[in-house]
Structure formats: C-alpha cells, structure tokens
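Next, two complexes with chain A in common: one pairs it with chain B, the other with chain C.
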Partner chain A sequence: MLPMLSQLLKQMMKKPFTNLFPAKYAPKNVRGYLKNVQEGKTKIIPPVGIPDEETFRGKIVYDREKCIGCKMCIRVCPAKAIEFKEEEKKIRIYIGRCIFCSQCNDVCPVDALHMSNEFLLADANKASENLIVE
Partner chain B sequence: MNSGSCNGCDIEIIAALTPRYDAERFGIKLVGSPRHADVIAFTGPVTDDMADKVKRIYEQTPDPKVILVVGACGISGGVFHESYHLSGPIEKILPEAKCIYVPGCPPRPEAIIYGVVKAWEFLEGVEKK
Partner chain C sequence: MKYEIPIGPLHPALKEPIMIKCTIEGERIVDVDVIASQNHRGVEWIGMNRNNPVQSIYLAERICGICNFCHPSCLVIAVEEITGIEVPERAQYIRVIQGELERIHSHLLWAGVAAHELGFDSLLHYVWMVREKVMDILELVNGNRVTKSIIMYGGVRRDIKDEHIPKLRKMVEYYREGFNKIAKLFLEDKTIKMRTRNIGILTKEDAMKLATAGPTTRASGVKKDVRQDMPYYAYPDFEVRAVTPDILTGETVGDTYDRIVVRLLEVKQSLEIIEKALDEMPSGDILSEPKIIKIINQVKKSEGEAIGRHEAPRGEDIHYVKLKEGFEYLYAWKVRAPTYINILSWRPMLLDMQIADIPIVAASIDPCLSCTNRVTIVKNGKEKIITGDELHKLSIQKTRRLLR
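Showing the complex of A and B:
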C-alpha cells in the first residue's frame, strides 16, 4: 500500500506527457485563431523539440552565391528532386519530392546546401514558394 | 489509406494519434469507413493495382472533403517517381480533388497535425460559403 501511495502522489504532481501542439483545445474558429497567431495576439504551443539540432534533416537551405553548378547534387539525389537551370547554372529543389536524405548536402564540394530545422511544411499547393527552393 | 507506401508514413500517422501528440483532443477521430470521413489521409505513390480503389474511396466520401497527402510519394512519386508500376501520384488520379500536401519522408507527427490544421481551415471556409 505504502509504495503505491508514493507512486500515486508522484503521478498527481506530474504534468501530462502530451505535447499540446498547436493549441491545448481546438479553437472554435480555426481561421480566427490562425489570424490571431499571425498578428501576434496568441502563441502557438511549440512542437516537440527536435532530437539533435546538428544532425536533424529538415527543409534544405540553398546558398545561391556559393553554388558553382557542378551538378553533383543532381547526380546523387535518389528522388531526382533537384533540377538544373541551364542559363544561370544554378539549381532548383522541389521539396515536395525531396526525401530529406541529406546526400546532396554531404556531396556538395562548396557547402552551398544545408539542412535547416524547419519541418512544418504542409501546403495546399505543391508548387508554392514554400515548397520550391531556388 | 495506404496506396502502396512503405508503411513509414502510416506509422507517423499513428504516432500523431498516440497520447504523446494526441490529435483526438481536437476531435480528430479515426472512422471505420470513408462514408463517415471528412478528411482522407493518403500515403504512398498509388500503384497500378490501387488506382481504382483510390478513386472508389474518394467517391465514397461525402462532400465537402479534403485529401491529406502524407509523404513525398503521394505528392510527386518520391523515390518511386519513374517506376513502371505506378499510375502516378494522387494528383494524376484525382485531378479535381482538394489536396493538402505534407512533404517529408516520412513527415514528423507535428507536420501531419499542421497539415490537418490546414485542412480544417479549408473546410471551415467551405462551411461559411
């Protein structure tokens, strides 16, 4: 009985394990809620922290200035998510097809590609600016 | 609905429903039949065999409906993009459907919940009209 009591008290003090992303309860009006968030009136409860910021593979960041147009990333990409722009000798990455394997990032000789920590990427349009990196 | 995916995305969808993320506190519920659903979650790059089933399930769902395309495969084919056994990504089979795309291979559970929020936003707009 006694060991159980201590366990019980501990449990009562503990917070629930649930991560309350993006809000504790469903708002009555999701559009209004999102508008409030954009205006800074309310805050979104952040998602679970990513395990390791150094090695996490999120949305690709492309450094245009550094890129020398060697096409190594295009050759190594298993999903063929990267397109070469002939005139400018630069690349375009389609995040909708990217499988976040980070191979392009590893092979790049001039470090023009990086994996960011951004992973909330849902979008209604797969050709939107959000999902194409140039 | 799984249309030939590797099960990675399915596991992440299940993770979004577990107590850790608990999508059910918003009233997001799994239903047993597409006839009771508002949102259909599709994973996988629609194989030839699954193409007509995808169409059938889409037609069984009552309007207004949104498709939640989870994972790179459903969006554009992903690693399977030039396979000989694909009827193409979901967009090709259901060109008139309203889709919310959740990129990732697989996406994190939060990313899926974020996609659901977007779908919700769209359905609310339809309701107002």
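Showing the complex of A and C:
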C-alpha cells in the first residue's frame, strides 16, 4: 500500500479529473433544471470540447440540392440507416441508427454529405425530428 | 466433501459469457472445467449473408469494443491477400501506430481492472486517469475514442496530420515519464505482490501444450509474438521482439505477477514503436483506391481463401476469409479471438488455488469478457447463491487477511 500512499496524498490537493457535465450535482428534477437553463437562471457546465474539428464525426449534414439520388451511400452504410425516397429521388437518414463511421461521406460522388460537430443528440424518441435528416 | 461452483455464464470477473465449473474441497480448487459458447451473436452470419465486404469492416470493428482495430485489421489483411489490393507505405505505418495505441490503452485498462479485482480501487482510478491521455490522442487522430473506423481495404481512411505529430510525441514522453511510477505502484506494492506472486502459475510446458497466445504465453516464457514471427504491415522495419518477464525481474515464474510485468513492459515497447514510426513515416498516399464502389466490385470478382493474423493486445487474433467469384458477401468468415484459446489455461492456473483467487486469476489472462451474475453453490441439494459482489468481497477480504 505504501507506494500509492504518497500519490493519494498528492491527489487530495488536486481538483477532480472528471468534467462535471452538465451540473455539479445531479438535479432532482431534470425537466425543471432544463427549464431553468432555458430561462437563464442556471448555467450548464459545458462538455469537454472537440480536439480536432476536421476529424470529429458528429451528426450528419445533408445537402439536399446537391444529391443526385445515386443510392451509393445506401449501398455502403453498415447500419442501414439511410432510406431512399422513391418519388423525390432523395434520401432520408435516421440518426438513431447511424454509427458515425462517415463511410457515406467518402462514397458520395457529389459531396452532398458531411459530418458536423454536433454530438449532444440524446432524445427520448428515436423518431423525433432531431434524429431524422432529410 | 467436494462441492461444485459454477461461475458464469455471466459474471463480473469474466465480463463475457463463459462458464467455469470449479470443484472445491474446502477452500482449495481441485478441478476446473471451462464451458465456452454460451452466447451466439451471429456476427459471422451477417458478414456472409447481409453485408457487403465494406460494411463488414464496421461489423468486425464491433466484435470487441476494446480490440476495435484488431478485428477489422485481420479481416482487411485476409481480403487484401486474396484480392491483391496494394497498400501504400504510409498507410502501413499509420496502421502500426493505430495498433500500438490500441495496445497501450488496452493494457492500461487491464491494469486498472486487475487492481480492482484485488480490491485496490485507488490504483484503478489512478491508472484509468493515466489512460485518459492515450484516449485523448485516439480522439484527436480518429475523431472518436472507440470504434475508430480508420481501416479500409488498400490503406487507411484518415491521415495522421502534421499538427497531430507533436501531440503524439508529447503523449509518448508523458507515458515514458509515468512508466516508472506505474511500474513502482504495481510491482513494488506489498499487497499486489502477495496476491499475485505464485498465484495462478502457468508453466512453460502447459503454455506450449495449450497453445496460449499473447501476454499469457509470454509471461510463461514462450517467445511468441505475431509481430516477431510473421511481421505484417510495417512491422518488419521495427524488429519487434517478444517480451518476457525476465527482462525486468530476471526470472520467469509464469504467475499472475509475471503477466502484470509483461503487460507493463509491452506498453513501454509500444511507446518505442510509435516513436520510431513517427520518425520514419514516409509521405505519400494513404489509400491505393479511393473509390469504394471499385473495391466492392474487385472483391466480388476475386476468388480464394486467406487467413488474417494480427497481434492483438490479448494475443494472436485470426480471421479466416473465403471469397467466391460473383458472390457479393464474404463466402466464409471465421473469427478466432485470442481469449478463446487463452481460456483453456484457466484449468492449470486455478488448480490448488482458493476461491478468492478466481477473480484475479481469471482476469489475469485479460479475458475480453461482461457483467452481473452470481455463483450458485449447491450444498446437499440446497442452493445458495453468491452474487458477484459477494465474490468480489471475498477477494477483498483475502487481501485484508494477507495484510494482517
């Protein structure tokens, strides 16, 4: 136990390593807490930032105008998260299924798909508007 | 009077569905039986019936969360061998760096888990804090911490940028400075030494007979390493040598302590490889064929079979792949993860040990294993259930007892 003891004593003087996102203590009422945040009564402790914005893969951004409906992204998507809309010849992406591999970005011949930096995607409903890109 | 204790299929010390049946005489373990195949995920079926080879890379990545580079890497090696897809030099170096980063994070994760199994939780938290550094680097280079989706047939998908290299070097420096400290915390600690020295011994003969792989076999003194025996990627340039515990301690016992030594030494070795790879990394392309649809068509046209081998943090990982002309999916795909071959060594390790030693000995081969279950003791036809927490408590109690 002895070699660890000095480390433990040193550690007592230091701040905790964990980033306390979104609040220092878990709020008793999550909805009430979120309401307070919206009204500006409390401040959220921000999440740890993204180290490199270019390599980070967040929520997909879809450029509808550029898309030519070639279905290549559907062919390579490992999670089968992309659906083809026959009548419009465009796609619909279900973020609830997306695994953020950005393979569709690589395969797209017209550069219509990109990865954004948005990563706070928690939602109570997997079919909510936030989680469907079209 | 003999009792039989079944541990698993689901158990906190094992973390993956497997069953160990221990026959107990008092506190002493007299017989061990390992029953594998408690869970079937159908990963290989999906690769052979639903996914095209490019989709299968991401599926292979999800076979194991910690070895998320080894599995796709094996698959890619096998498919590249059949189809003859070339890999640029720079991509080979990046693959080596990725593989070694993974080894560092996996071994540090294991070191924390081992400390936890002994009831030494302050060390667990310390080691995992140190591990954060390599996770940050993985996030910087790959975009996320796990399931990196970096490998692709014919290269890698993302380059290591020039601005990332100083940060990688800083990480190497950080671990080099921290290595002595962690080694001291683990190897000079009286408690850890008492709980691991001469516990769970796997002799060299047994290790050879059971064909164990990775740190488990190297701790018993068998110099076996895929990076040394059959170098792949850019490994021939690094002349990797298998690490055995006698480098540090001067003797090879083959016990749990030696397995800690080997893993810590491998972290040091990985740091050297990363540093050398960063120095010698040539410039150039990272993908030989950027058009993915072309790759899919080429795989569809090829025929043959191959084995992909990769030295994963836990040992040698093997994927067998067969392709058939005109068949869109993999015609055959068989995965053999290193843990599968290592679990058999539990029998010689656990014989004559105590029940309280099961968690640390089982964890010492780094079984890529999940949680929450109980042990059922059948005594005179009546069942008594020991929960995972209680078993963990037994382990902590033994540590305390030894300290007194």
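Here, the second predicted complex is superposed on the first by the 118 of 134 C-alpha atoms of A that agree within 3 Å, B and C clash if a C-alpha of one lies under 4 Å from a C-alpha of the other, contacts with A are read in each partner's own complex, and residues count from 1 in each chain.
The rule we apply is simple: a contact is a pair of C-beta atoms (placed from the backbone, for glycine too) under 8 Å apart; a residue touches a chain by one contact, two chains touch by 3 or more.
Treat the numbers as computed from the prediction; the structure is a model and nothing was measured.
By the touch criterion stated above, A:F21 is placed in contact with chain B alone, chain C being left untouched. After overlaying the two complexes on the shared chain, residue contacts for A:L34 are found with chain B alone; chain C is out of touch.
In the superposed model, A:L120 makes contact with chain B only, not with chain C.
Of the two partner chains placed around the shared chain by superposition, chain C is the only one that A:T55 touches, whereas chain B remains out of contact.
Which of chain B and chain C touches more residues of chain A: that partner is B.
By the touch criterion defined above, A:L131 reaches chain B but does not reach chain C. Once chain A of one complex is fitted onto chain A of the other, the partner contacts of A:M72 are limited to chain C, with no touch recorded for chain B. Residue contacts after overlaying the shared chain place A:K10 against neither chain B nor chain C. When the shared chain is aligned, chain B and chain C each come close enough to touch A:I99.
In the superposition on chain A, contact is made by A:V107 with chain C only, not with chain B. 17, 78-79, 99-101 are the residues of chain A that lie in the contact sets of both chain B and chain C, per the superposition on chain A. Residues of chain C that touch chain A in their complex: 51-52, 54-59, 120, 122-123, 126, 129, 132, 136, 139-144, 147, 149, 157-158, 161, 164, 181, 184-185, 188-191, 290, 292-293, 296, 403.
Residues 1-4, 7-8, 11, 17, 51-52, 55-57, 72, 75-79, 99-103, 106-107, 115 of chain A touch chain C in their complex. Looking at the complex, you find that chain A touches chain B at residues 17-19, 21-22, 24-26, 29-31, 34, 47-48, 78-80, 94-101, 119-126, 131. Against chain A, the residues of chain B that register as touching in their complex are 19-22, 25-27, 72, 75-79, 81-82, 91, 98-105, 107-108, 110-115, 117-118, 120-122, 124-125.
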